[in-house]
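In the two assemblies presented below, chain A is common to both, partnered first by chain B and then by chain C.
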Partner chain A sequence: MSTSASTPETAAPRDEEGAGAPVHGAPPWLGRVKWLVLAGIVVLALAWPYLVSSFYVGMGTQALFYGLFALSINLLAGYGGMVTLGQAGLLGTAGYALAILTTSAGLPLGPAMVAALGVCAVVSAFFGLLAVRARGTYFVMITLAEGMIIWGIAVRWQSLTGGDNGITSVPRPAFALEYWQYYYFVLAVVAVCTLLIGLLVRSPFGLTLRGIREAEDRLPSLGYNVGLHKLVAFTVSGVFAGVAGLLLAMYNNFFGPSQVFFLASAEGLLMSILGGVGTMTGAFVGASVVVYVKQFVSSYVDRWMTLLGVVFVLVVVLAPDGLVGAWIRVVWSRVVRRVTGSGRASAPAVRNEGGKEAT
Partner chain B sequence: VSLHEFGLQLLNGVTFGAVLFIVSSGFTLIFGLMRIVNLAQGALYLIGGYIGLSVIRATGSFVLGVIVGATAIAAIGFVIERGLLRLVRGKPMSEILLTVGLSFIAADLALAQWGGDPVTVPAPEAISGSTSVFGITYPVFRLVVLGLAVVLAALLWWLQERTRVGAIVRAGVDDREMVAALGINVKAVFTLVFTVGALLAGLAGVVGGAFLSLYPGADSEILTYSLVVVVIGGLGSLQGAIVGSLLVGLIYDFGQSLVPSLAYFVLFAPMALILIFRPRGLFGREAA
Partner chain C sequence: MSNAIRLLAATVVAGALAAGAVACGAPNDSEGGGKSGPLKVGLIFPTSGNVAASGTDMLHGWQLYWKVNGDTVAGRKVESTHEDDAGDPTTALTKARKLVEQNGATTLAGPLLASSGYAVADYLKSNPNLVGLNPVASSDDLSQRKRVDNYIKTGGWNSSSPVHPAGEWAYQQGWRNVVTLCQDYAFGYESCGGFVNTFTDHGGKVVKQLYAPLGTSDYTSYLAQIPKDVDGVFVTTVGADSPRFLRAWKQLGFKGKVPLITNETTIEQSTLRGMHGDEALGLQSFGHYAEARESPATTRFVSEFKKAYGQIPSYYSCATYTAAQWFAEAVKQLDGDISDTDKFRATLQRIQLKDTCFGPMRLDDHGGAVANSYLRKVERRDGALVNVPEKTYPQLSQFWRYKPEDFLAQPVYTRKYQGADWPKSCASYASDCGLEGSR
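Now for the complex of A and B:
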């Protein structure tokens, strides 16, 4: 662990985009490396279906929409300090709404998607209204209960949701029926959403959110309406989770209760902290790892859930700043130090996510 | 709804509440002192139930099943506290996430060991019959569980309010640093409290498994109920756990019989109301 942990000024770089954490004293060309890496990722994402088999394209598709899901959790947990364990409930609200509207209600896909996101926004706002009054551990518990309510409805209200059997034959857009077409569709949607979230966290709104994470009690005296900011963040994050839910429902042509279960929320949170809470790229790194474990490792080992649990525990204990965070802390700062030849490059902090709202 | 049915639902709700109390008293005990939201409490409940079931199947003794189930979970709790939670002490989110990771592992291993089909712990022969309560025929076993919960509530109250350990725990809830400064080994008290909390989860698993069946997912369900209990009652409060358990048990059972498809949703309403008017819960104290 870094010894320079937890000073306020070193906490900030973690909020920046993955590799590009501005380290003081770095030469200007080093900042460009970040853009090179990003460009590489974009090229790789675009070329993916031409490089690998359909199995891996499917995995890539999942990593993308689960990455968006993790990013929506990240928006709340990483930037707003609100760790949620009910996000799968919101993903599921949109997914179920889409499934119901396109099958039993017989709506065309386009309007159904808009309506489903509308339903998701309303539910998110309502859940947010209850949850944002609480903080820290209380917030976690309330969101967990909220998520499980959705699960309860999914399982019990059989006439609406199909109970344990879920809802089948959810359509895909006519232009994205093939697996690779659907991959590009998901890539486009996720890219736009990621861009929007990126703009949001860099906006004054995003700065205020981070202010809330760092010192919730002080912001009201600066004239900020903390409750409103948290509610908006909760709702926006819920809608992005909802977008991931739509993509998930169309990917599987199916929606069922296991996708809104507590473990699904926990998995999303795992993706988010595995990659690194408070980094944008972390969500996708985390989602890729989890999807890989689920899809690939599960074909060799039965106990992949145990493996995920062990990963969860290890990350929490050993690398609370996640893979991307650990990378910045250990590798990147060393590179910068080597390049600049000075000891000024401070290792970004190992900051326990949400640790501030202790007791 | 006839008076008879009403009485039956009432008893069902109260006895369900009794099981909820046993789980959530452990939950609230752990939180009260350690400020740890133990999201593995549901998993401990489920594993405790399964272990008890295996012992009962092997030996035929229900009492032995309860003792072994509860003790095994206490031992697991001890190991979790000593081996893992210590590593992240003082970081509430890491503590929560750690227990979430553990619940992944527990759920999966339980599935591997005991399979996916719902199973019910056989109630002991001696009290497997029915009796008449105010003219309602009712299983004796469930009444015994209710009695057990009442005894436990009294015991916990006595421990907390009338013993030295209880005084230390109460003092620890208010000011951990000060208690440590007085030369009391807070770490040891933490381990003790976490172990007892786990023991209660295991105990609840065995007795609860005898009338609510055990299956994959029961862990998260019971966890959700306990969360609603402590959100309503207030985290860390014994009275809160009692009142919350009764309320949740009753609301759930009446909801189940009146609007089965929305039984979960009905639970949500009182929680929402409490959160709006008393964000800390009925008996909750300052910030969590």
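Now for the complex of A and C:
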């Protein structure tokens, strides 16, 4: 990965944290610290069910698949510059498809999962076709409308979706019935998906996507098919949201309209922004914070929604680059500066300073 | 792309480690409950969100029982932990897990909405070592086609049960052509279905069925669709929609001109508390709770509730109060040992309460409540609006007078199926067909 790929003066959200990026002039161990941190996270994630009670394992499971959901939004919003408010509709398409196929259609889980993802991909592509023509606020409004269409179907088409009552008895894979087994299953699926998204954003396709985010008008003149890139990004992102939807449906053994409602999309966007738009780990950090406040703090604080709102406002005001962005800017870059003798900060830090001036 | 390769390697290692961890076996699993110590009950009542007011009433009812009767039963202290599901099924599930796994609850009570109820029912189904008390989620199928054995309607009801007599009553009033206006979701369909089913049995005709979504702010457009020549209107509204409907009914001049009968939730204490005019005065409704019922159980409950919370209790409070009474009775009968879930469940199922704030109550073989339904009229007493029972339909089954097997062979009431063409003859009645031969 080369740091010259993006221009220093952009006010845009951060790219990936630069994990493993060579820090010029720094001792060789510094570059490895990140890998150590990453390894630490992996070990922690693996040991999680052995460290905490089943309730927290459940929260961890949710943080993982909501993290994947936030990451799918991030892929669109952070890398492609397409802020969506309808992503829960796509998550819900897969979730509902799985629920319907495994319960009333009586399909085995494996084929049902594949079919559900297929349905989700088709719907994503169709919604993408409608949405990618627009930009900015118009794109947001179209995705919002698309999400509401799915919600409308979920609530109104009673015979198919169970309406308000949703669909219960969605099965889990036979090897992942226990809460901790399911945690590892989710961990594995989310890890693979994260890896795939990681590869995607580092690929030429991902670079083009970032190019679209930075200067959509210039790319056609360079010979890029902007519309097609956006459509593919939209569809791929929808499918990853769909994977999160499958995991969610199987986790709760239930799927209902509130999971496809506009608020669910907004929550996903909130997770994404909270953690840091355009970062990979940010999605999971954001999801963890939201899940923690929503499910744990809510037991002790009646106005937990307000608390979440305050956290969100504080993050947006004090750290527009999100928690992960702030961490890199405030802590990591300082470490780097100290080690390298303050002269040459790491590339992300430079980029970020630019961002700060622009805002 | 060397980063990608490293990432890939890391994932493979992680995967291998995960597989190893799975092979190592389950992490330690702790489970609460036992033969001594406190009895832990987890409460899932929505105290925020759209139905927060009713959820708070539920909490108050539950707490009042233990305040009045003491929180120790058969030598064991009852320890309740409350969690707020905000009226959302997913949250209800999470909270159920939290209550069981964190707080060691072995009994769950709640929630309010049917959608949350189905989610909790499913959770209980896969956790047969738990027992759920369901005093409020009135979805018909929870004690009919989708019954879960360890989720029991203690102090509970069915959406259609109290209004089954309403259809018959309306026909007896001489109504022949009616319009129904119900809330556009499962509860509304079931409530309307109860009325339509029995009304049409006698030969009554439903001219039009209107459905208003939950959260309708203006009922004018719905009332405008009611034809001039109808004999009566049946209405089911819920929560904040109820006062809006009642205001529109009065303002548009329907009140006093067009006969109206409603279900329980349209004219409920939570509605009446906020009504300072006479919009509701004199209106009639059918319900399984009547706060002005003169019986020791009801009057004591109402006066204790007024003393504690300064208001007249709604049916939600009566329901959780009764559920607590039911629970306490079962614990008493088992001498404090509820560790055998099957025994505990069977005891709950068997209990007959001679008098509750609802009246006498027990469960039928399907787990549905057998309770009174009251024809109620709103009157002003001591400055407050209350539902006064005018007529009692004693000990109604969830199947009305139909044969349970015939009734269960029909689908649950939905927007499409309201039971208008069913049954075709008296053969599906278990007793006293009562049809007037106009079919």
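To be clear about the criterion, the second predicted complex is superposed on the first by the 321 of 359 C-alpha atoms of A that agree within 3 Å, B and C clash if a C-alpha of one lies under 4 Å from a C-alpha of the other, contacts with A are read in each partner's own complex, and residues count from 1 in each chain.
The rule we apply is simple: contacts are C-beta pairs under 8 Å (C-beta built on N, C-alpha and C of every residue); 3 or more make two chains touch, one makes a residue touch a chain.
Every value quoted in this text rests on a predicted model; they were computed, and no experiment measured them.
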| item | value |
| --- | --- |
| Three-chain arrangement built on chain A, chain B and chain C clash or fit | clash |
| Which superposed partner A:I149 touches (first chain B, second chain C, both, neither) | first |
| Which of chain B and chain C A:D217 touches, first, second, both or neither | neither |
| First (chain B), second (chain C), both or neither touched by A:M305 | both |
| Touched partner set for A:Q295, first chain B, second chain C, both or neither | second |
| Contacts of A:F254 with chain B and chain C, given as first, second, both or neither | second |
| Partner chain(s) touched by A:V83 [first = chain B, second = chain C, both, neither] | first |
| Partner chain(s) touched by A:T137 [first = chain B, second = chain C, both, neither] | first |
| Residues of chain A that lie at the interface with chain B and also at the interface with chain C | 155, 158-159, 302, 305 |
| Footprint of chain C on chain A - complex, ascending | 1, 19-20, 35, 38-39, 42, 45-47, 49-50, 53-55, 57-58, 62, 155, 158-159, 163-166, 168-169, 178, 180-181, 184, 187-188, 191-192, 195, 198-199, 202, 252-254, 256, 258-259, 294-295, 298-299, 302, 305 |
| Residue ranges of chain B in contact with chain A within the complex | 31, 35, 37, 39, 84, 87-88, 90-94, 96-98, 100-109, 111-112, 217, 220-221, 223-224, 227-228, 230-231, 235, 260-265, 267-268, 271-272, 275-276, 279, 287-288 |
| Contacting residues of chain A [partner chain B, same complex] | 83, 85, 130, 133-138, 140-142, 144-146, 148-149, 151-153, 155-160, 261-263, 266, 269-270, 273, 302-303, 305-306, 308-313, 316-317, 320, 352-355, 357-359 |
| Complex contact set, residues of chain C against chain A | 1, 3-4, 6-8, 10-11, 13-15, 17-18, 21-22, 26-27, 29-30, 47-48, 83-84, 88-91, 93-94, 97-98, 101-102, 114-115, 118-119, 121-123, 125-126, 139, 185-186, 414-416 |
